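Below, each structure is written out as structure tokens.
Two complexes, one shared chain (chain A), two partners (chain B, chain C).
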Partner chain A sequence: MKTVLVIGGGVTGLKASHELAEMGYNVSLVEKQDYLGGQVAKHKYYKLAPDMRLVSEVLDPVIKNVESNSNIKVHKHSTITALSGNAPEFKVKIKNSKGESEETFGAIVVATGFEHFDPTVKQEYGYSRFKDVVTNAEVEELLNPNGPTKGELKRPSDGKIPKKVAIFQCVGSRDKQVGNPYCCRVGCVVSTKQAIEIKEKYPDTEVYVYYMDMRMFGRGWEELYGKAMEEYEVIFTRGRGAEVTLKNQQLSLRAEETIMDRPIQHSVDMIILAAGQAPGDGTIEAAKILGIKQNEYGYLAPKDDFLSPNESSKAGIFIAGADKGPLDVENCIVEGAAVAAKVASSLK
Partner chain B sequence: MAENTDKMVIDGVELVGIWKEFMPSRILYEDVTTEFLDEVKKLPGGSTIAKCYQCGTCTGGCTLPEFVDKFNPRGFINLVRRGHYDILVSDYKDLVWKCVSCNRCTHRCPRGVNTQEVVRAIAKFLEDRKVFGKLTNDEAFDEIFMDEVINDGRIDEVKIVKDFYSKTGRLKDMMSGDQLSLGFKMFTSGRIKLFGGKIKDWKKVSQKLKEELQ
Partner chain C sequence: MSEEVKNPITEKIESTKGGHFYKEIMKDFRIKESLHGCLNCGTCVANCPAAAFYDYSPREVCQMMIEGDEETIEEYMKSKIWNCAQCFSCKYRCPKENSAADIVMTMREIAVREGLAAEALAGYTRIAKLVLTRGNQLAPDMLSPDAFPDWGPRMIELSSKKMEMREELFKGFPGMNVVDRAWAAEDFTIYEMQRIWEESGALEKVGTVFPFLVDIVQDDMEDKKEEMEAKIEAKKAKLAAAGK
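== the complex of A and B ==
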């Protein structure tokens, strides 16, 4: 049977759908929201590291490829509610505002992705208590010319451009207190990229990054890190942010400068929390409905991490992208293509 | 300039003496020992020390540095793990004790180190190695208080004050005017008694307690 269900209209799901359609499969793409593009579209990501490419240059063609392909049927505002049958004949109930319908598919691709970690639980950082403590996803929206501030980095409290910005790394990742001991894999490069964007736009604004380790393992990331220090004079301090308080009506952060062995108290105008990735609600829901295995953090577990990275614990159901663990946009596209190949070879 | 007394051989001629080194070595150590780490790990509360990844969240949020200069839980852990026993003793032995157990460090630690307990364990480790010499007032009082409880089963105020002053070598202070008048006032108002009562058959309990504590 040459029909495939793709769950999730994010970058991974879009890429997988397009590749499968190109190979002649009939694809049904189910997306919970009424737009395509997932978290990238939701938070209006502006530029992509490390080449500072506009997101629209990447996302628009991916969406267009899907929308213009006659082999793909896009179900927006839809969710799956039940699964019966086994490979290669799955019966899936798809629900939308008009009602429920049952369709039959030869294979299922789960690309339900991630959600940004909500830093409210890290009470010492004062997110949601102090207006000027924001997340990196919110900064993406602020820096986007199509965003709420038309691309100006205005402080939420009074609309002024901050003169001093601090970025806290590893918020909700590498942190056993919140149950996420894993690395978010994108925070370091996103923060460096945002620091450069801020410096480019406002050369007078000082940007400080408080980090534990800068993990610049991706393509061109290390070079970007060097550029941030050399060309943009972003100040990187080795020490994890400990707490945020108000001092004389100004945000004041405390941390340890571990290289100097001394604690510091630093007054700044705005604090950006580099919140990590957590498995999305959709991922957890999909795992429950489809009955596939999750790992201890809620991400979907591949059948074999090395030998069959895109197969779930159930035959005929495939997984890809950021629902398997934290991932960047570039690698999500790789994953989308990889899962398409795997599905095609299994349905032959 | 540092002095060097090593032997030196130049062209087969052996030179012995003391000479000045223009550039003394800056090498901190040539070998790392885990001897001290292993010891602290075994102490009560010290087991989580190896989890630390030196992010500095504990020191950054610590209550103490505003008041106690150089208090640095992360630093203490680092010194123990790398076996810098000499630095720990020379620079920090009087600081390690000052933790007020507010437990902010423990609650915030992203690695699940029980920082407050680890700092206590490091203090205990130093105490076991007898680096403190003379007892501080606090420690002297703790010892007397515990002895009293174990031996008599209750606190005899006069005795405990007398023992405390004699143990810290300050019997003279105890006989000063204001101390005596304070004692007299407390005696006349019934706050203290000259002879504390005894507990029946405490000896047996005392024996058991001593056995348990051994």
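== the complex of A and C ==
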């Protein structure tokens, strides 16, 4: 059976769909939003680390490859509601605003991605209590010329450009208090990217990054970190942001400068929370309907992390991208291609 | 001939982990729940009221217990751990769910038992005496404006009319109309309390830090003994009659 269902139209699902279509498969791509591009499109990311390339240079071709390919049928605003049958003859119900229909597929690819961690739970940071405490995803939109502020970093309380910005790393990650002991894997490079973007636009604004470790393991990431320090004078302070209060209408943060061995208070105009990644509702929902295994945090579990990284616990159902755990765009694209190859070899 | 140059870098000598105090602390059931490695992130320190005012750091407490150096542990048991306010903020913020608060609590108990606490606690003699002989130690009189400058100017105004305020607030509660203690406990209540301390072994423990306080309490009890024991017997008889 030469038909494949791909669930999720983020970079991973887009890449997988395109590769499969190129190999001659008929692909149905099901995306629950009315746009393609996943989190990258949803939060209007503007530039991509580490090369500071415009998102449009990467995302537009990936979307165009899908939309212009006659082997791919894109179902926007659609979800799956039921699965029956087994590989290589799955019957899947696809639902959209017009109704429900059943289609038959030889294989299924799940690329349902992640959700941003909601920092409201970390009450001590004051997110949703103090207007000028924002998430890194919100900052992506603020820095985009096509975003709500036309690319100006206007702080939400009064629309002024902040003179002092603090960025808190590891919000909702590496934190047993919220049940997420794992690392978000992109927070460090994303904050470094955002710090540079802010300094590029507003050289007089001071940017402080409060961190435990700068985890710069990706291609070109460490170099970007060096650039942030050397060329842009971003200040990296080793200590985790601990608490935010409002004093005389100004945000005040507490942390320990662990290298200097001293607790500090620091008044700033805006605080950006590098909120981590969490498995989204869409991923959890898909796992339930398809009956595939999740790991202890809710991410999709490969059959074998080393030997079959793109196979789910069920034959004929494949997994890829950020729904397996935090991942950056570059590696999501690699995952999309890898899963396509695995599907092709299983269907031949 | 050139003289031998001394290497100025501290050499990390053979670990002294596994010493007596270390073992005693690690043996306590609370430690297992209180130390799970440490990210050195400083969240505990940033939230710690003691770290804000003293040379004290809950992060150091955790790191010290991980390293387990006997000399450092002994040093801490004698001095630094007594700065902790036991507010438990560190425990509820630590991303590794450590609790410097529980570690300190454990270390304090062991320090008392092992006779390491006397010097650090010397300043608390008066408070200990008040608790042991009166049943409470905090008194409105202690809250003088100069002792708590951070309470602000209104404290000066308020502290000048403590007695009037207490009389007004606690009408009908005679034991509360005092300012040299929080409330005036009855002799019988104090006697009962002292007996509990004696029989539970708490008094003996206090004696390891404040030996003379044991005599004071025992003299205090002796003076009232006949009268109070009679009262206790009467109370027992009354309870028995009521079938309880």
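Note that the second predicted complex is superposed on the first by the 348 of 348 C-alpha atoms of A that agree within 3 Å, B and C clash if a C-alpha of one lies under 4 Å from a C-alpha of the other, contacts with A are read in each partner's own complex, and residues count from 1 in each chain.
Methods note: a contact is a pair of C-beta atoms (placed from the backbone, for glycine too) under 8 Å apart; a residue touches a chain by one contact, two chains touch by 3 or more.
From a predicted model like this one, the values you see are computed outputs, not experimental measurements.
In the three-chain model built by superposing on chain A, chain B clashes with chain C. When the two complexes are overlaid on their common chain A, residue A:Glu200 makes contact with neither chain B nor chain C.
Legend: residue contacts after superposition of the two complexes on their common chain; A:Glu89 is shown touching neither chain B nor chain C.
Of the two partner chains placed by the overlay, neither chain B nor chain C lies in contact with A:Asp60.
When the two complexes are overlaid on their common chain A, residue A:Glu233 makes contact with neither chain B nor chain C.
Of the two partner chains, neither chain B nor chain C is touched by A:Asp51. Contacts of A:Asp305 after superposition on the shared chain: neither chain B nor chain C is touched. Residues 124, 170, 174-177, 212, 239-240, 242-243, 254-258, 261, 263-264 of chain A contact both chain B in one complex and chain C in the other.
Those residues of chain A whose C-beta lies close enough to touch chain C in the complex are 124, 170, 174-177, 212, 239-240, 242-243, 254-258, 261, 263-264.
Chain B meets chain A in the complex at residues 53-62, 65, 70, 72, 74-75, 107-112. Remark: chain C residues 36, 39-43, 45-48, 51-52, 57, 59, 92-97 touch chain A in the complex.
Those residues of chain A whose C-beta lies close enough to touch chain B in the complex are 124, 170, 174-177, 212, 238-243, 254-258, 261-264.
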